[in-house]
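Across the two complexes that follow, chain A remains constant while its partner is chain B and subsequently chain C.
Our next item is the complex of A and B:
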């Protein structure tokens, strides 16, 4: 029974992880840029939900609707203004660039929101759901469903919409896409915007479960990276599978080795995957 | 090579005069600058010469700090503890390198970035040995005054910087350095031509680890108290990279000049904007990457536009 409960916890966590990783994986796959800012975007989204609820009484699930356009605009502008200039530069430079931007953003948040942990607590609480011995808090369940829904929506946008097909085309073959009349620079900016949107939208969901702190950005970033390697880089189904897998592994790892070893566990997993199955669990690359 | 060595010796002699000023502030700044120089030079082995974007400096630095501190806890004399720490970081880098150096680009960069986090977690949970989150106190020599200690650590750091520089100079002009530059330009071709790429990369990583680790151990003895978030700070990795980028990657004097420039900027920022200094540091990095990606000494290089 306990293992079923742990498994359910892992799936709930994993749904949220999938949402964290989908945008990160998209940006990495299409732009070949590791966006170090991703973790801080998530935290910023969390603060947005916290203050919207505390000051204006907007439910965190609804604040996603506010976060989405704001973060898209932020990501679009950043890519247009700065990152597009460095897109062809070596890994070290693009990494340093997003690292520098992340230092600025996280320091800004530390300054504005202080280092105190903030916890978003719903009033009244949504209660718990008990299904044949497995107990799940309803807010977590909803957060997971919304996270999976968002990730699914991203998949639909990429596979069905015109702009989504253009993003996939740029990922597959930049030159050919440009020859077909795709404005590559614009697609880069849209892609980065979508990545920021996914991060900003998962912020409110995570804020329902975890305390918010300006210092937790790197932890989310690390998870996004591990998930990309687990599921295979640059595909939404990969991020989904990787996210769920990491959630379940972390839950059982917490039970067997103690939760303080979460980073060590996922790093070990990361190294093993990179050494033995670098294409990820799904074993194929590219958006499909 | 001879002219570089002579110039370095002159520089060394000049820096060694610093304690004559008798000012504790300048002595502290000088020691920090030398430590930054060692970090930058140690990164240069793997990052500048082999062109691998390593973010492992913080891991080596922290590991060295803890190895030195724990060795001293068990009664190893200070100087020997520093050597042990360098050796521990060297061995760790060898093992880590065998696994990580098969990766390239982003995968290598992020994997090396996570190592410091993992070590921090392990050190945090090994409370018996390392004191965990409470940190670890290092023995303070009883018979020394504050001023003489400051001088002692300044000269120790100067010695380490001299050793690191010598190692870097020798490597640059050796077969190893040549092989590493081949790997940087085209690893597959270097492999084809008979460069043992795995061996060379691991050797560069080990050199990088050993000196960063020794710097960590010296730092630990210098400040007498270490705790995991302090020595496993990811900023050590990023600072090492920024310093080399500032001074120009791959060159012999680049890391040292980069360290001097970086520390001057950092000190100005730290003094004037205590609350937002990491933000200003971030801004510096962004500006550096956007406008001076080849370092401050690169003059108006014609911009070669690679196809994205």
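Our next item is the complex of A and C:
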């Protein structure tokens, strides 16, 4: 019984993790950019949802629809204006750029919102769902379903739409895609915009569950890293599998080794994956 | 022998000028006190409280003319440095304040862990340091002479609480403890375990969670499966808000739920709403205490009033303890009649006086041993004192959802 509860906890957590990582993985896989801003985008999305709820009474699920286009535009503009200038540079340089931008963003948020943690508490609260002895908080469950839905939507876009296929083509081989008539610069901007959109859209979901603070970005970024390695870079199904796997591993790790070792367990798993299967569970060699 | 170069002469002159300037600054009549605080990062709410208390003391002391140093009066200035809730940086900040900013005295960084780490630096430089928020005895166990703390040891919080529960909640037998893996939260959890075992209670669960944990569902599910009567959770404000919320999510109920150190803050009640009801806690001070004192505030009521006038809300123990750190330093300087660090240190060690915070007398390790910490419970959205009996405002209520 306890194991089933722990497994359920892990899946719910995993769904959220999948959403956090999907955009990050895509940007890394397609543009070869480690987007340090990803964590702060999530936090900014969370603040958007918090203030929308506190001041305007807009439900966080609706805030996702507001956040999505805003963050897409932000990501697109950022990529075109700044990051595109360094697109051919070594990965460490682009990492420095996104790191610097992240410092500006998180300190800007610190200045605007102060460091105090804010908690988005739904009023009335959504309550809990009790299924044959397993208790699941409804807000987490909805968040997980929405997260998986978003990720699924992303996958559909990538596999069915023209622009999605173009993104995948650029990821597979940039020169060949250009030869096929794909406007690579535009695709880069669109992909970065999509990454930002995923981050901004997961913000409201996470804000309902965890307290938000301008400095909680790095925690989410750390999870995204581990999930990328677990699931494979650039692969949305990989991010989903990786996220769910990480959620379950952390949950059971907490049960078997005590909660203080849950994080150690996930990073040990990361190291093992890097040693034995560096392309991840679903990644393919050569595409990372 | 090499001829002395122009460069080295210039350097020596500049250094001498620097020293003279620094000496000149001190002679201008300002006492500078260094305060490394976690102004940003997860512990920033705590830093805000410490700043509020310290600033109120500095303002009040300056308005009264300054601190009496022998025949003259000197104003005080607090030099804040942000260490971003990162303990190694707190140590660096302490070193910088002493060696570069050349402060006269020091307040400790927040919390037992950082206070202990930084105390090695202040001891090396023989700098009298007042720790506003360090309660674990482990902080004071290095035989240092220059560290003084205004919080009583952790067991002075757990013992009265365990006593009360044993007397008023007979049948509480099964105890589960979840502790943040940090110096103070772990230390007080261990004291709780001792207090519980002493009263023949059964401690079924004792686990630690890593600093920065965002999800406690795993640990809480295990606790739920054990059906304890008393759940004791430790951490700082943000951890405890998250834990209590997740307890509600998982449908965990128990006769007694105690959390240290969060329920004393208004943020705990406002973040959790009904979820905070009947959560008990202990703290090192409560605005309901009443002391008449010869310090710059004069009485607890006056301190509360001045605090409310300046900040618009009632003070809690973090704000009071940082203010009393300033008060204690001021009293020591005035007793010593000089800014000489050894003399001030002696005055601190000998201190036995009444402040708005309560009677202050430091034990042989430098930790105060004269105070009576209150135990309280959140009832109908307010913190209600249930111990000590002298200032009791209500009784222990059982049942937490």
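To be clear about the criterion, the second predicted complex is superposed on the first by the 278 of 288 C-alpha atoms of A that agree within 3 Å, B and C clash if a C-alpha of one lies under 4 Å from a C-alpha of the other, contacts with A are read in each partner's own complex, and residues count from 1 in each chain.
Methods note: contacts are C-beta pairs under 8 Å (C-beta built on N, C-alpha and C of every residue); 3 or more make two chains touch, one makes a residue touch a chain.
This one's a predicted model, so the numbers in the text were calculated from it and none came from an experiment.
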item	value
Superposed partners chain B and chain C on chain A - clash or fit	clash
Touching partner for A:111 - first (chain B), second (chain C), both, neither	first
Partner chain(s) touched by A:102 [first = chain B, second = chain C, both, neither]	first
Which superposed partner A:121 touches (first chain B, second chain C, both, neither)	second
First, second, both or neither for A:82, with chain B first and chain C second	first
Which superposed partner A:263 touches (first chain B, second chain C, both, neither)	both
Touching partner for A:132 - first (chain B), second (chain C), both, neither	neither
Clash-bearing segment of chain C relative to chain B, given 27-35, 45-53, 63-71 or 81-89	81-89
Chain B and chain C contact sites that coincide on chain A, given as residue numbers	258, 260-263
Parts of chain A lying in touch with chain B, wherever the complex brings them together	28, 32, 34, 82, 85-93, 95-97, 99-108, 111, 174-175, 184, 218, 222, 225, 229, 258, 260-264, 267, 270-271, 274-275, 278
Of all residues in chain C, those that touch chain A in their complex	39-42, 44-45, 48, 178, 181, 207-210, 212-219, 221-222, 224-225, 237-238, 241-242, 245-246, 249-251, 267, 271-273
Residues of chain A touching chain C in the complex	1-2, 5-6, 9, 13, 110, 114-117, 119, 121, 128, 130, 135, 137, 139-140, 210-211, 213, 215-216, 219, 250-255, 258-263
Complex contacts: residues of chain B adjacent to chain A	47, 53, 99-100, 102-103, 105-107, 109-111, 114-115, 117-118, 121-122, 124-125, 234, 238, 241-242, 245, 275-279, 281-286, 288-290, 293, 305-308
